[in-house]
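Note that chain A is present in both complexes that follow, paired respectively with chain B and with chain C.
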Partner chain A sequence: MARTITFQQAINEALASELERDNTVVVLGEDVVGGAGAPGDDDAWGGVLGVTKGLWGKAPGRVIDTPISESAFIGAAVGAASSGLRPVVELMFVDFMGVCFDQIYNQAAKFRYMFGGKAVTPVVVRTMWGAGIRAASQHSQALYPLFTHVPGLKVVVPSNPYDAKGLLIEAIRDDDPVIFFENKVLYAMEGDVPEESYAIPFGEANIVREGGDVTVVAIGRQVSLAQEAAERLAADGIECEIVDPRTTSPLDEGTIFESVETTGRLVVADEANPRCGLASDIAARVAEECFDSLQAAPKMVTAPHTPVPFSPALEDLYVPSAGRIEEAVREVAGGVKAAAT
Partner chain B sequence: MSTAAAPGTGELTKEDMLEHYRVMRTIREFEERLHREFATGEIPGFVHLYAGEEAIAAGVCAHLGPDDYVASTHRGHGHAIAKGCGVKAMMAEIYGKKTGLCHGKGGSMHIADLDKGMLGANGIVGGGPPLVCGVGLSAKVRGTDQVGVSFTGDGGSNQGTFLESLNLASVWDAPCVFVVENNGYAEATSSTYHQKGVDVAKRADGFGMPGIVVDGHDFFAVHEAAGEAIRRARSGGGPTLLECKVNRYFGHFEGDQQTYRAPDEVESIRATRDCLDQFVKRVTSAGLAEQPDLDKIDAEVAELLDSAVAEAKAGPDPTGEDLLTDVYVRY
Partner chain C sequence: MSGPEPPPGAAKLGMPKWGLSMTEGKLLDWLVEEGAELAVGDEVAEVETEKISGVVEAPAAGVLRRRVAEEEQVIPVGGLLGVIAGAEVSDEDIDRYVADFEASFVPGEEGAEGAGPQPETVEVAAGALRVLEQGEGDEVIVLLHGFGGDLGNWMFNTEALAGGRRVLAIDLPGHGGSTKDVGAGDLDALTDAVTQVLDARGVERAHLAGHSMGGLVAAELAVRAPDRVASLALIAPVGFGEEINAEYIDGFIAARTRRELKPVLALLFSDPGLITRQLVDDVLRYKRLDGVDDALGTLASSLFPRGRQARMIAPELGDAGMPVLVVWGAEDRVLPASGAERAPAGARVEVLEGRGHSPHMEAAGDVNRLLEEFVAGARV
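Up next is the complex of A and B:
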């Protein structure tokens, strides 16, 4: 039965249900219990933002605090995945990949291929991403394109509580290394989520809104901003079809191409930096595969090519807004009108 | 911090002796062959040879079963052989053949066989220690008595991953053993420079675990110290740092002219400290094996390597189809 819970609660539920279902699942990371060895409550924190609160009591011995040693404990999760566990390890902020990336892209991602298909590495790395909470340059980036680039990794970027739960359960049951991106602004987002356990397959985009004029592919938090833009555009008679890929690796190109073949116009909304990002990748693939259907040049709505600024006045300009998506859609739609006259 | 007591041949049987000798001889022969074959130009890529360090792989892995795991280094052939990987499939892998242990997709620096508990040679210096922390975690959570052993060079012992792993394993009381094969050189840079010549084992103190130094040319010293460390790990006593002082007979990689070493350095070590020579003297003088038994093993190993090299050369290359397989379990 569905009830309304937050994105953050949806993540917690997915972890709790998988910990209960499968006793090879372990959750580890910095303060995922919170308070280990300290004189107060053992599970004082449940994660730095409380996402894993309460799990420790439900699965004693399988929710484990670590020292602040990302290389060692991400690598330990990879080694544990190679030797019988299904670890869900938390890389608190994705910006911290700088101190442990070797264990992800050189070790976990490559084992299966370079060991001749014999290795299985069922590890999930949960990590927070995204600007918007004034956390500044080293706690705010949208780095999923870097991981999407690496063969051997699967990359999940959920946009709502329902998807967050179903995709995390799928990630834990998947036998490949999965990087699971949780946007911290979305943690408070509410949505209908079934109480029971369910898994959403990877590589299947969700058509969030149907429309015949412009295809808007939106990633993560950009999905809800695109929905806001689409409401305003509909009032002016411009109908957007919003495609949420949900996983950037594998990427459901088929659904994107199919939509563009109908609308002939594409806007990609992506909070990552513009060079070699998801937006440029999707625009390039559409140009390559749907060139004959295109009635206007694809348009990318991204962050600028800068680090994330601290000042609220600047950060609000950094993250692509509903207004910018709206403007881009009007531009590509306008291009068609101009060509027709 | 302690130094292992002078080891004896203790409870070892003749059968054990011959098996340990076979492992060491196989590694030596494997590496000597590669050294010669590499010079012909037929072997692609980088090859890092383990010759001279055989007593460590053999002495440590003698205590491990197929369910225990080792994480190795770029100089990993010896660990793979001692852990039971197929010699012919290893050779074919080094030649980049489809018949190789990893179907030609790994090569010398990524030889692995998970079924044998070999988590892989590793092209990243310091890549292995975090992985065995995970093996230790896995054993603890699943309630098994498995042990994870990482091999690291003196160069690798300066990596953050190594030091972080000592701490993590200690915090978790994980059943891990961190073996440092200190061969005196990080590539071409001497350990007297890159770690001030200080024993790596002393670092164990800082992480609340025992640190032990042994002579890595002496099979019995390694075997005894490793046995104690592995028993301790298996029985819940936590991790150990075991430093083995040793020398490598060849360069950092094949083709290295080793101008950084003294001209007679290797020659004199080979003449006075060779692990196989020492082993043979010990077991024959103790009456634990006869020279003809050892000669027979030498002949069998030579024959095995003859056919391994011949079969590797004759083996098929992988095809274009193989390029695209085995990236994911499911995608």
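Up next is the complex of A and C:
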């Protein structure tokens, strides 16, 4: 039965249930057990923010602390995946991808294709992303577009606790390399999550809210901000249809196109930088496929094209807000004129 | 109860609570004008919840004196939609009641998500089964849902039937919040599970009401243990013919996405407009649970092998000895309504024009009245 837990607990539950179900599943990364030499059964940190806390006790020997060397342990996970295990490896912050990207994009992503479909690489890279916690430009980026760009990788960006659990379970059971993006600001978000295990298929968007005036495609944390905006807009008679793609690769283009064909208007809310991001990708695909349905130019709501600032005042302006989504919707809504707030 | 009592001779037309999670509803349409003469049970307004749309019926006879809520307005559970009263009640009294109500009504008490009876888990030999019990009394009515359904399918019926008796809605094995282990996955396994819940809840004898596959389970229990079944109400039951729309069973099992599932669920209703995004999403959430695919596949291959119904139970009910009611929607697109012709001699048969496979949902008021009358008549 469902009960209310946090996003962070949902991730922990998904890992715990898959560790129990399948003894080829292993969890590894920096401090995922105890860190700092702690034995694991007590004083365990369970990762930098405690997401993997308690797993060691449930699957001793299959939850492994690694040295601080992403190139080594991401490589080890890819190797383990190609030789029969199902590793879930934690890249603490996605910003650290720079030192281990070869193992991901040029090794894991390529094996199925270079070995004639005979090799599978069921590795999951869990990683934190997103601005908003005063962690400055090297610990705050939204880098899922870089991974989405690479064929052979699957990319998951959950927006709520229910999806986080079901998508992580699907990721672990999937035979391809999956990059699983966890927004650190969402860790405390609560939601109804079943106690049982369940898997949400990749490539199926969630229609978070139905509406006939403007389609808002929102990624990750932007989904709840879009919902906030939609509430305010509805009070003025502008109805948003919010589409959460859940996975950026594969991307459920069908659901997005269908929605835009009804509304004729598109806003994409994406915390990534604007150039070659998800917003520009989705806006381009819609322009290409739904041109005849469009009644206004698609609008992108993104971070600016800068590193994430350390100044709190600037960081607060950096992440697209509900207010900016609202403003964009009003612009594309055009004729559906509304009272000023 | 929140809000003041209506003046003598008047009745509140309130926002109903349909199902565990309903906290508010949107008034879609008034179906009658102000000033209309109403009998108990007349359809007054159409309300949309996040899961499904339904009709609010007149709780009392009289004139619809005030339409308080406007169309498209969202009203919390227990909130005031309108006032029904006889001519002897003055306009002043009604206006005062409406004003008092609006000044003092606190939403959330009756409509809060945790309010009202909550489902519980009963541990029996068949596994952990989820049940929802409502009402008090010596008499018990047990509600059994159909293939792929759960106790939430009785959201329009549970409360209505719970006046003066216990209503026990059960999630069958493989369904809802119950174990997804269906054992042998045959009719016996389901029937045993229901018997075990009755034992665990100290129910010696009960009225059974079952929909579709749940109707077959109820009938099987009646044939097996007639002394435990006071009456048998079957809504579009399995077991009254061979024919079944395999498109529904196969489609329900195969559907992985919203787009695949929605047209399958549409087969359940004569009006597909009843199906909301939330309803489809809830069914998908259930279908994604580990073990559900296997459970449904096993049940389907045992109960509906090669797209036919395996067990023909109708002819055995004549000898079972208890009163039988058969209700069918004339427009049923899953099990043809012609099945009703196989009802045993002496059974009461009601074929509802214009209704589909789920009359207890889309014609809840009619079905509640039929069940109420039937159960009352079956007493003694």
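Convention: the second predicted complex is superposed on the first by the 325 of 341 C-alpha atoms of A that agree within 3 Å, B and C clash if a C-alpha of one lies under 4 Å from a C-alpha of the other, contacts with A are read in each partner's own complex, and residues count from 1 in each chain.
The working rule: a contact is a pair of C-beta atoms (placed from the backbone, for glycine too) under 8 Å apart; a residue touches a chain by one contact, two chains touch by 3 or more.
Fair warning: this is a prediction, and the values are worked out from it, not measured in the lab.
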item	value
Combined model on chain A: chain C and chain B, fit or clash	fit
Partner chain in contact with A:E210 - chain B first, chain C second, else both or neither	second
Partner chain(s) touched by A:G166 [first = chain B, second = chain C, both, neither]	second
Chain B versus chain C as contact partner of A:Y198, first or second or both or neither	second
Dominant toucher of chain A (residue count), chain B or chain C	B
Three-chain overlay, vertex chain A: chain B-chain C angle, C-alpha, nearest 10 degrees	130
First, second, both or neither for A:F310, with chain B first and chain C second	neither
Chain C versus chain B - closest C-alpha approach in the superposed model, Å	14
Touching both chain C and chain B, counted on chain A across the two superposed complexes	none
Touching residues (chain side chain C, partner chain A) in the complex	119, 121, 130, 177, 180, 256-259, 277, 281, 285, 288-291
For the chain A and chain C complex, residues of the former touching the latter	1, 162, 166, 194, 196-201, 204, 206-207, 210, 254-255
In the complex, chain A residues that touch chain B	24, 26, 28, 61-62, 64, 66-67, 69, 71-85, 87, 102-103, 106-107, 110-120, 151-152, 154, 174-176, 203, 250
Residues of chain B defined as touching chain A within the complex	69, 71, 100-106, 110, 112-115, 119-120, 122-124, 127, 129-139, 141-142, 146, 148, 160-161, 164-165, 167-168, 171-172, 325-331
